[in-house]
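I have placed the structure first, in the form of structure tokens, so that the comments after it can refer back to it.
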Amino acid sequence: MLFNRFRRGELRLGRVEAFSDGVFAIVVTLLVLELKVPLLGDPRSKGALLEGLRELLPKFVGWLLSFVIVCKFWLNHNRLLDDARRADYALVWLNSLFLLGQAFIPFPTALLGEYPSNPLAVAVFGCVMAGNTLLFIALQAYIAKHLLKPELVDSRDRRTIVRAFVGPLSYLAGAVAGWFYTPAGFAFYAVTPLFYLVPPETRR
Amino acid sequence: MLFNRFRRGELRLGRVEAFSDGVFAIVVTLLVLELKVPLLGDPRSKGALLEGLRELLPKFVGWLLSFVIVCKFWLNHNRLLDDARRADYALVWLNSLFLLGQAFIPFPTALLGEYPSNPLAVAVFGCVMAGNTLLFIALQAYIAKHLLKPELVDSRDRRTIVRAFVGPLSYLAGAVAGWFYTPAGFAFYAVTPLFYLVPPETRR
Amino acid sequence: MLFNRFRRGELRLGRVEAFSDGVFAIVVTLLVLELKVPLLGDPRSKGALLEGLRELLPKFVGWLLSFVIVCKFWLNHNRLLDDARRADYALVWLNSLFLLGQAFIPFPTALLGEYPSNPLAVAVFGCVMAGNTLLFIALQAYIAKHLLKPELVDSRDRRTIVRAFVGPLSYLAGAVAGWFYTPAGFAFYAVTPLFYLVPPETRR
Amino acid sequence: MLFNRFRRGELRLGRVEAFSDGVFAIVVTLLVLELKVPLLGDPRSKGALLEGLRELLPKFVGWLLSFVIVCKFWLNHNRLLDDARRADYALVWLNSLFLLGQAFIPFPTALLGEYPSNPLAVAVFGCVMAGNTLLFIALQAYIAKHLLKPELVDSRDRRTIVRAFVGPLSYLAGAVAGWFYTPAGFAFYAVTPLFYLVPPETRR
């Protein structure tokens, strides 16, 4: 019965998208704040600056990984909300939880960039990304079940759901691999978004 | 007479919403900046990082509370502006005051996360949230009185207003409880947004 | 002839507004980052925290002043772009210059909050705000001359332009007054936005 | 074949623009965070504050350069997406790569402001801007080839493409010049956006 009340409430999808786009845009842009200008003994020394930039390398890598991952989430979110015929309270709260996960990403990214050879930092990054993918899947499943546009009902395909689980499994595999050998974690995190670069074969 | 001039001015609701969505999105995303990467003596030590993350726990809790609270405000704001048939100067200024309160939220959140066992920090958080709810109620009352869409006039219900006051009272109760026993404040702040998770029974 | 090329280019007002709303929203929200949590010797001491908050008072005042001023600019910008029938390159560049001024506001605000009794800090704040108002007037004059919606041409009124100059003059007066007696500067800055709280008598 | 899959997927241009506008708006506004309030021995001393502001001069210049450059990118991006008839996966990823470059801009700007007389800092700024222009050209070329609105196909002009390469060449020239004499780099960076102030002669 409580669940039924969640399903009520007619909300405008346009504002849900505007709010979400704002959060996505801020997350990807805030990531750059972790790239701090290196401190140099001699401000005119090219060699010292080059050395300082080289030390920032793990932070650059973390920044790049998270940027691509958030763009991938944005892209899938864009497609997903386009499938919904309207927004209700449950959709808004599932979407807010998903955005909570997105807004959290700068923290594990900073952790990974600061301690790239700490197994816990590498594993935390993977677990957070796996969690984010699960939050996305929850939103996706709810829309598929309750809010799908009528014309899309037939085009749904089990393979989309199966494919969705590649993400969390791959991030978790990266977390486990990174716990034993940190560069393996980075490799998994770099490869995972590639699964989502192109649209699925079977839809639209 | 001055009041009458406030009621003039035809403004576009679309830009009021875009500005508000921007502020909401930035507030929820900026909150993460308070979660600072812990400093470790040994950058490769899993134990030291785990300990550092554990010390961040109050900041995680504060971040989570404020995120959920701002999402709740966003949701109610979304519904509220949908009820208005147009924007005038009074609406814009009441909305700006409300956004002022929202944009302030990262400060009491940081205070709560930094000093979770300081009664004043816990009480300030509750008072700010109570103030924010009052600003929302002012905006709501103005729209209900002056700018309601004609088709909604009959559906208005006293219970909506009564329900609205649950928020500030509960936050204030949390502030008082937290003054004497800080964990009680946290409990109140966690429970309050739950009153608004589902739409009211009586409308739409 | 170069000027004529500036007047070409058909651009969408919708994106000019979206970009501007984004900048406005971020400026008002970033201002809160200047409010830093005070450092306490004893993290549980209510007295120490109260003292710390009291020392933040000038920063609160600066934050409040700038928030209200930026909201006023946003409101006037909202009305102004509604008068334009389309966007050309000159409008976009004048708008970008105006946004440059808005995006700069966090800096003089931080200066004012950090050194409230330094005459130069108080004067800089007023000069920046006067400059911003002049940038707004330039945008306004360009739209009035070249891009006004046909139905608005007759309703233009000299008083609107005269009224517009109240802003920069008042901010400059505040800068001068603040140079000799800093609280006088604060008073001027608090009073100036009040001139724009209500729409002008003569239009719409 | 993989390339063909990139070309699938019907996405809404409106959300691509909203996300992009968000990133642009945040980038230009975040730049101001590099302008840190100077520390003064005597907080009331006008002379000390003036001296402190003078030392910030290179940061002001860097802020100004990057602000104008990002506004120029925003303006060209605005025009470009207006030419596309729809969005596909390839457009979204090329756009994301372009935004990655934009979101990176605060870092070389901070580098330039902090070490204005370090040849490497000056050269990095130019190289990043050249890279950003190339990413823009890639997006432009893809849209011109695959997604151009039918009515624009005839109006395409080789000169637009040639003109586009002025940007990266000029930024690279600035990087080389700045390597040998840093002020020359600043001069190039200030002049380059001027090429794009007005729309091209031959289109629309």
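Each chain gets a letter, A, B, C and D, in the order it is written, and its residues are counted from 1.
Note that a residue touches a chain if its C-beta (ideal position, glycine included) is under 8 Å from a C-beta of that chain, and two chains touch if they have at least 3 such contacts.
Keep in mind that what you see is a predicted model, and the values were worked out from it rather than measured.
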{"item": "Classification of the chain B:chain C interface as same or different, half of numbers criterion", "value": "different"}
{"item": "Distance-maximising chain from chain C - centres being C-alpha averages", "value": "A"}
{"item": "Superposition rotation for chain C onto chain D, Cα-based, multiple of 5°", "value": "90"}
{"item": "Centroid distance [mean C-alpha coordinates] between chain B and chain A, Å", "value": "25"}
{"item": "Inter-centroid spacing, chain D versus chain B (mean Cα positions, whole Å)", "value": "35"}
{"item": "Contacts with two or more other chains, residues of chain C listed in rising order", "value": "18, 21-22, 25-26, 30, 33"}
{"item": "Footprint of chain D on chain A - complex, ascending", "value": "17-18, 21-22, 24-26, 28-33, 35, 37, 40, 43-46, 49-50, 53, 64, 67-68, 71, 74-75, 78-79, 82, 197-199, 201, 204"}
{"item": "Chain A-facing residues of chain D, complex", "value": "2, 5-6, 8-12, 15-16, 18-19, 21-23, 25-27, 30, 33, 89, 92-93, 96, 99-100, 103-104, 106-107, 110-111, 114-115, 117-121, 124"}
